[in-house]
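Take a look at the structures below.
Both complexes below contain chain A, partnered by chain B and then by chain C.
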Partner chain A sequence: MNLSGEFIAFFVLSVMAIGGAVFMINMQRVMHMALALAFTFFSIAGIYLLLNAPFLAVIQVLIYTGAISILMLFGIMLTKHRYEEKSAVARWQGVIGFIGVACFLGVLMWTIYRTPLLSGQGNPKDFGIHQLGAAVFKEYAIPFEVASILLLVALVGAVILAKREENECS
Partner chain B sequence: MQLTSYLALSAILFSIGLYGVLTKRNAVIVLFCIELMLNAANLNFVAFSKFGLFPGLTGQVFTLFTITIAAAEAAVGIAILIALYRNVQSAEADRYDSMKG
Partner chain C sequence: MEHTLLDFNLRVMAPELIIVSAAALLVILELLLKESTSRNWIGWLGLLAVIAAGVSVGMEFGHPPYQILNDSYRVDSFSLAFKALLLGGGGLTILFSLAGGKNEQPKPKGEYYILLLAALLGGMMMVSSADLLALYVGLELLSLSSYILVGINKRDRHSNEAAWKYVVLGGVSSAFLLYGMSFLYGLTGATNLFAIQGKMVEMVATQDQAYIYVSLFLMMVGFGFKIATAPFHTWTPDVYQGSPTPVTIFLAVVSKAAAFALVARVLLIAYLPLVSTGAWNEIVSWLLMILAACSMIIGNTAALRQTNAKRLLAYSSIAQAGYVLVPLSTLGFVGFDLFPSLFYYLCAYLFMTAGAFAVADCIAKSCKNDQISAFAGLSRRSPWLAGVMTIFLISLAGFPVTAGFFGKFYLLTSAVGSNQAWLAAAMILTTIVSYYYYFEFIRQMYFRAPDLAAPRVSVSWAAWAVLAIGVTGTLALGLFPDLLLHELGKIDWHSAFAQAQNAIRQ
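Then we have the complex of A and B:
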């Protein structure tokens, strides 16, 4: 394994991402869990930068570590709960879940490392923001419009769902 | 190889998210873990868009749309959660059992 700069950056960023996720699993307080997961999202943005996707990295920071984390923090604050999270649902459920997920991860890793993946490598000049914009607004114009309609519907739906009903218990 | 390490990272993140969904009680954290799983899938898209057999921008465009859908999903999820919280007075996923026979 040659120690190129890209490999070192990938190693550090992936350790940060996995570390944040593992901290999220092990933290006791709900607020700390949300912050640890925001850290994970931030390091995934760094990995996007490594993969020649600078626009996606910025979007990841804006949407995930900005918007979604703050939304979840509001969700945590608006719902009253015991400050400390009770550990797992039940002990045997946690153990069974862990075993199942470990088997799943084992099968996945085995498949990934056994499959002969044919891989090329793209020219970094083809991954610029100009090309991305042209692709989104020319080739994928209709999905873009559909996504905008979906965002509008989700916005209206979220407002209607979260609005306090006028005549409760009627 | 380069591609396999990215795929392995995304598999690990997906498994951690799955474990969180299966074992956490707080519904907000469950939603957050779903976001982590979506992120792992996005990582696969971007990795294949650079190191795949046919490198191109399609993976990045798909990731863009996935992030859009994930944002909408988080907003609607939190709204449903708050509506549920108003009825049940609890944010724990195993208390939402009013449809249980």
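Then we have the complex of A and C:
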């Protein structure tokens, strides 16, 4: 194995990503969980950079590390919540869940390593922002438009579910 | 040669465009209205838009298939037929929503109708696309609107619980579906189902097919959830029981029919090359048959123990989903001729399910009691309502002179025709089990003395309209099944699974 700079960067970033995910599950306080999750998102952005996808990396930082993490932090700060909640999951359920997920992971890894998916090296220039924009606004114009209606629905839904009514007697 | 949206004839998108513009217009009108003004006419405008869209769907029949932008939108007989069904279900839902009195309706009424229209649009996208991206966006539009519609009664604890369950489990199922789709994309490098099919032909010739099955299984988990088949049905009773009844009708009819169209389209285009290697009959068919059998058995047996009317009907709808899966699962053995029977059953299911839920809702509202015992002595309290409910119930149970009988009969012949005797046996046995709980309603209505304190059942005119449409549909399809079947037989179902003419010419 040749120890190139790319490999070291990948190693560090993936350890950070996995470490963040593990901390997110094991942390006691919700706030720490959100921060660990943001850390994972950030490391994944680094991996995208290594894979020659700078646009995706920027989007990852903007949307996941920025918007989603901030949204979660706001959600945590604006709502009442108790620290150290007792988990409602019984021990045997956890064990069964772990075995199930481990089997699933095993099957996936087995499949992925069995199937030769090598189709030669692509030229990163063919997959730039320019091509992405052309694809979104030409080939995928209809899903793009429907997605805008999806956002409208999400907005309307958020407003009507969160709005306090005038004549509400609570 | 790259194309843009404007290179195409956009007139074929008329039904969707009508619904979109109606929804957008109503959002703005709703804002301009005074707080105190009645919102009912927004519902009327929505109904008008649905009817207009239905008319434009009707006018498109008979034209050759047409696709826009690499099949991200396509119009063919299959999508038109399903669109007509969805619009019918959506129209009934809106009509029934107009029925409730002042206090019973969901609170933010204007938004309620807008969300219904948006959900309907999502369903229409799901049936008229052959591109994974567009299909998924359509599915999410339908799901997201449904989550909000389920929880729209903020004051109702059941409604809140139902919305939470639905949003969490729905999110999980979407994740499974998306994961499966990503495998399919990784395998073929395309989101267009026909391009995937082309690559798949090469893939099935090689030895390594494990990847294909991983994507198939993951997607089936997501699909199983969306059409509410066992063992992915656990959300159904809670959500159907907790949501406002018009929304329940919408979920049971529109959501399920759109998901069926999606499953049929994805499986029969992307995975069709598996048929030639025989893997379809060995794996895909069995997968579907097991799902179907599980739904029939679990749905029907779990329904036996229910005392809540809406919950019972929810379990019955799980069982019905199992019946509808039968033609799809036996397709590899018999061929493409099963769509008429599938579609016929879905039509029958639309009328009888909408009707049964509507009656259950009227009684639960009037008696302030949503148990089956609220039906006691209904034949004396309100003979017309009892008669109407009886028609829906014998149709759901599958007795002659109703739509349910012929629907089940055709499904059964397809199961028998495929030489899958055990599946046919499961269908017959579970149908007999289902008689028990359907006749529990009838026993309550006709052979129980009415509770003297029970109030009169008041049925608003809009509810009567829904019931009248339901009864007419159920009886007309039952007495003259050939009327619809003849039309369905003339439809070119194959066109849904072949490239459109204008795609080949490019």
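Everything that follows uses one rule, which is that the second predicted complex is superposed on the first by the 160 of 170 C-alpha atoms of A that agree within 3 Å, B and C clash if a C-alpha of one lies under 4 Å from a C-alpha of the other, contacts with A are read in each partner's own complex, and residues count from 1 in each chain.
Just so it is clear, a contact is a pair of C-beta atoms (placed from the backbone, for glycine too) under 8 Å apart; a residue touches a chain by one contact, two chains touch by 3 or more.
Remember, it's a predicted structure, so these values are computed and weren't measured experimentally.
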| item | value |
| --- | --- |
| Chain B or chain C, by number of chain A residues touched | B |
| Which superposed partner A:I142 touches (first chain B, second chain C, both, neither) | second |
| Chain B versus chain C as contact partner of A:L108, first or second or both or neither | both |
| Partner chain(s) touched by A:L150 [first = chain B, second = chain C, both, neither] | both |
| Partner chain(s) touched by A:T65 [first = chain B, second = chain C, both, neither] | neither |
| Chain B versus chain C as contact partner of A:S43, first or second or both or neither | neither |
| Partner chain in contact with A:L161 - chain B first, chain C second, else both or neither | both |
| Interface residues of chain A shared between complexes with chain B and chain C | 108, 112, 117, 119, 139-140, 143, 147, 150, 154, 157, 159, 161 |
| Residues of chain C that touch chain A when the two form their complex | 2-5, 20, 23, 27, 35, 68-70, 72-73, 107-108, 111, 114-115, 118, 121-122, 125, 129, 131, 133-134, 136-138, 140-141, 144-145, 147-148, 151-152, 154, 186-187, 189, 208, 210-211, 214 |
| Residues of chain A that touch chain B when the two form their complex | 10, 14, 17-18, 21-22, 24-25, 30, 33-34, 37, 40-41, 44, 47-48, 51-53, 55-56, 59-60, 63-64, 67-68, 71-72, 74-76, 78-81, 85-86, 88-89, 93-94, 97-98, 100-102, 104-105, 108-109, 112-113, 117-123, 126-127, 131-132, 135-136, 139-140, 143, 147, 150-151, 154-155, 157-159, 161-162, 164 |
| Chain A residues touching chain C - in the complex, by the definition given at the top | 107-108, 110-112, 114-117, 119, 134, 138-143, 146-147, 149-150, 152-154, 156-157, 159-161, 163, 165-166 |
| Of all residues in chain B, those that touch chain A in their complex | 1-9, 11-20, 22-29, 31-33, 35-36, 39, 42-43, 46-47, 49-58, 60-61, 63-65, 67-76, 78-83, 85-86, 89-92, 94 |
